[in-house]
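Naming follows writing order (A, B, C and D), and every chain is counted from residue 1.
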Amino acid sequence: MLQIESLKVFHGLIEAVHGIDIKISKGQCVCLLGPNGAGKTSTLSSITGTARATGSVRLDGNDIMALSIEERCKRGIAISPEGRRIFSNLSIQDNMIMGGAIRRDKTRLAQEIEEWISHFPVLGERRNQPAGTLSGGEQQMLAIVRALLSKPRILLLDEPSLGLAPQITARVFEIIRDLKKQEMTILLVEQNVAAAMEVSDYVYVLNNGAISSHGDVGKFGDGSDLMDELMGVHR
Amino acid sequence: MDYVIQQVLNALSFGAEYALIALGLAIVFSIMGLVNFAHGEVIAFGGYSMIVVATLLTGNPWVLMIMVLAACVLIATVLERVAFRTVRGADLTTGLLTAFGVSIILQNLFLLLGSPRPMAATQFIFLDKTLTIGAIRVSSLQIYETVATVVAIIILLTFLRRTTLGIAMRAAALDFEMVRLCGIRANRVIAGAFAMSGLLAGLACIFIMARRGSVSPHMGFDPVLTAFVACVIGGFGSLPGAVLGGFLLGICEVAVQVLLPQSYGGLAQAVVFALVALILIWRPDGILSPAQEKGDKI
Amino acid sequence: MTLRLNINQRKGLVGSTLLSLLILAIVGAYYLWGESYQARILYATFVNLLVVVGLQVFMGNAKITSFSHSAFMGIAAYVAAICVTPAAMKAISLPDAPWGLNAFELSPLVSVLLALSITGILGLLTGLFMARLTGVGVTIVSIAILVIVHSIFLHRTDIFKGNQAFFGIPKIFDLPHITILAIAAIFIARLFRESAFGLQLRACADDEIGARAMGVDVYRTRLIAWVIGTLFFATAGIAYAFFLGTISARPFYFNFVFLTVAMLILGGLRSVSGAVIGTLLITIGLEVVRWLETGPDLGIIKMPQMLGLSGLLLGVVIVAVMTFLPNGIMGNREIEEIFKKDPG
Amino acid sequence: MLEVRGVSKNFGGVKAVNNASFSVEDRQIHGLIGPNGAGKTTMINLISGLLSVSNGEIEVDGQPIHTLAAETRAKMGVGRTFQNLRLFHNLSVRRNIEVAEIQVKKQVNIDAGLVEDAIDRFGLRGALDQSPGSLPYGQMRRLEIVRALALRPKVLMLDEPAAGMNPEETDALFENLTWLRQRHPCSIILIEHDLKFIMSACDMLTVMNMGSVLASGLPREVTKNKEVIDAYLGQSQQTPQEEN
């Protein structure tokens, strides 16, 4: 479904990711692990088009590197970004409308919004209030819902558990598990190794802008071997 | 009583004009961080186009009004395309100076192609009649102006609340990149913002012409300067702030005129600007938004 | 580390000397080949140069756009003019002046000192607020200062004559004086840029938070630069009044602000050399355009009269520089580094 | 020596730092670790004065500093680097360092050779006249450290100094910190995600999570703490019935 080859990502003049390969098949949940500054978010940014990058990113075989951010979204890439970035002054409803902005079937969209609201009553209770009034976990759910409302072919999740209390993190991962059941293709970036390993099929470990190891989730056992690697044992 | 109502109406109509122009500035600023000083020349462009159309085609004031609105929308979007797109994402100073440059270019084009002196344009003067309601005599223009502004603001707010593009514009003011990540084209949002600011400028243009009965190259400069101040008072980029600031300034200006002795009339502008300076020093982000600590994140 | 500030200051002296030689060469050329009407142009150029170099001190080093310089120039011009004009003359030109303003006269030196101190104090008072503001805030308050001062000039016609000419100011300065002032301004601005204050100010412009974390007192450095800049503008205003013999409120407003700002950004606002070069280039350019504006006879074709052409080109220069050359001609470089690659 | 006592910081209703206390001795390298969003950088902002504390006290050598302006604290010897570099891009490398150096020029008994030694040690000698923007990333990070050192800090705070560095550079950085500890007496606070680096470089560790200090102590002890491991690696979210 999504194929990344010899991808290099730049922050200004600095090369943050040095030529990595990642492959995601349809319906798979692939997890990108690694310490801060390893280049995980940069990798996602190169897929959405917000970072300057070289190499190739192919969606269903078509190279999307030359496309604009907007066009990539229309091709089916949606992201729940790092720090959630919900539109805090806009109402919850409007945030959801933004998520489905590219949809033509507006009546269906309205239905889906209602469905999500029945799924997360807290979003419904306050649907006309500014989204900034939501708690961190609720904002995270809104960010995921917003991404899903564009009917993406692949969903990118950047640190969905960032700054959340354990119970809320659990709730977020429940949503991810649900999505998996519905065969959503997911690329997940996480620091919460244990939780991420549970929902993922395949793991890439990123260190200093390069992939230090990858494999089926089973290969990493309970994740304790990963610990050393993630916490900075080089190579 | 007569006097009080007259002054209230004065304040409202001044405020309405400032609010219209300030909204135009704020929409553009909130989305692309550009202080569009060329906004005044968009207004003047509307005036000059009206003269051209009136000379060549028709003198029908209603057609002319639509032409003015269209001309302002057109020039605003053209300016975005040719001048401001290249400095999109540049720092504030670059944008500000570019806008000043554009403003100077347009002013001098009017000077070159038109005339350095005001040119008569009396087609809208009919809006300005003295009405007698009971014992009170008021200007019809002031009533039109206030009502039209309120209506325009309501339409604008409805657009911003109800349509996808409108919501996207509000969202873009908060996080432009995230809006693009939702698949909404950046160019469309920005062009929409400029078109809307042009429309508001056109409306302001009609009223300014109705009052002055003439156009001149610099006709937009002073109103925009004041509207700029209105934006600052309300917090730059905040749309409700711009409206509030506009009306506050209108009240302020009338109050200064009423309270200061007649001989100090020339200082009204000075007093208003002094007030603004004080407000900015007291609250750098405008009266609606208290200062925030940001640490090492900006 | 033994601080080698001296190296930069020595480079500053070299650069200022080079710029001064340029100025002297221009003045020399005028005395050798020039026509007498050109003295006026040259004088005006150097007055502009004082202002633009003064702008560089605050706006260039701190990278904050401010538009109030015309106001300070006007204040100093009027104070100096009112002080130095003979009482007999003022009885005619300012017959209604209050507080006995038209009943005294001071020596040129005292007038200059008084004008400088009054403008300097106003600079300090405004600076106390300006230095606290950031970004657009400074620009807006600077516009406010400009508008307020201009309104007062227009309102108090009994003191300032508004848009009418305040005449009868003795002609005290001539080309040699302004040449010396221009050269002095170049040296002072350049040495300020290379001083500890200039360095800290430039650090703030690049990264204010980084600068604060390195112990830079942003407020104090900005305030100092603001006041120094004000004194440059005051000097320019005095020189303007002392040469022309008449002043009015009109030139001390937006048009002159735009002209000088265009000069600064064309040359490159981070460099004193840029300020000088921008001033010279735009002055020359405008002289050519003004000649075209009058509709000259080019032999084959008679050009039509084109009012507004100079303004148009000024606008084009501003937009073009901002679009294609945002760092101006010189960027970060000074004249002695002209062959060096611009790091900025 | 640095002492942080009961420091809190509220942003609106959010407690970014909540009643945090720890202290750092002279010549000690003190690691500050925790997951993203734990409040580590906020803590450094509070100590350096870029943010003001909502509650609590901060002392350097027994002198309270939490009411002072950031620039005053810098002059007193609170130096720091930034996670997202904050170099002065229009000034040369040497002048970047000078900006800090001039703050302490007038002080007596200054260790005049420190900066020159550090320039050599951190490999900046050849780059002194270049613009920081033209340097490789690792060198930019090192420049930030040297620039902070020019303040002759009593407290030096390094916010992810090894982020974006390659392994060789990280090793060199470790050596340089060891050198620094001998060369200049100061308390060093180190935020770093690279746990191996932290474990080898630090004498003491403080672990933060969700704004609070979870544990403080010797690295070996702290990393055995169950709570710390959970905070750092995340608790298992697995519910029994969904086991695969």
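Everything below uses one rule, namely that a residue touches a chain if its C-beta (ideal position, glycine included) is under 8 Å from a C-beta of that chain, and two chains touch if they have at least 3 such contacts.
Note that the structure is a prediction, hence the values are computed from the model and not measured.
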Centroid comparison with chain C (C-alpha atoms), farthest chain: A
A-B or C-D, whichever has more C-beta pairs in contact: C-D
Length of the line joining the C-alpha centres of chain A and chain C, rounded to whole Å: 54
Chain centre separation in whole Å, for chain D relative to chain B (CA means): 48
Chain A and chain B: spacing of chain centres that average the CA atoms, whole Å: 42
Between chain C and chain D, centroid-to-centroid distance (C-alpha), Å: 44
Contacts with two or more other chains, residues of chain B listed in rising order: 296
Residues of chain A whose C-beta touches two or more other chains: none
Residues of chain D whose C-beta touches two or more other chains: 50, 82, 86, 133
Residue numbers on chain A that touch chain D, as the complex places them: 13-14, 16, 35-37, 159, 161-163, 165-166, 169-170, 173-174, 177, 190-196, 198, 208-209, 223, 227-228, 230-235
Parts of chain D lying in touch with chain A, wherever the complex brings them together: 35-37, 133, 137, 160, 163-167, 170, 193-198, 210, 230, 232-238, 242
Contact set on chain C toward chain D in their complex: 1-5, 8, 196, 199-200, 202-203, 205-207, 209-218, 270, 332, 343-344
In the complex, chain B residues that touch chain C: 35, 83, 86-87, 90, 92-94, 96-98, 100-112, 116, 217, 221, 225, 228-229, 232, 236, 264, 266-267, 269-270, 273-274, 276-277, 280-281, 284, 296, 298
Residues of chain A touching chain B in the complex: 48, 50, 68-70, 73-74, 78-79, 81, 85, 87-90, 94, 97-99, 101-102, 146, 150
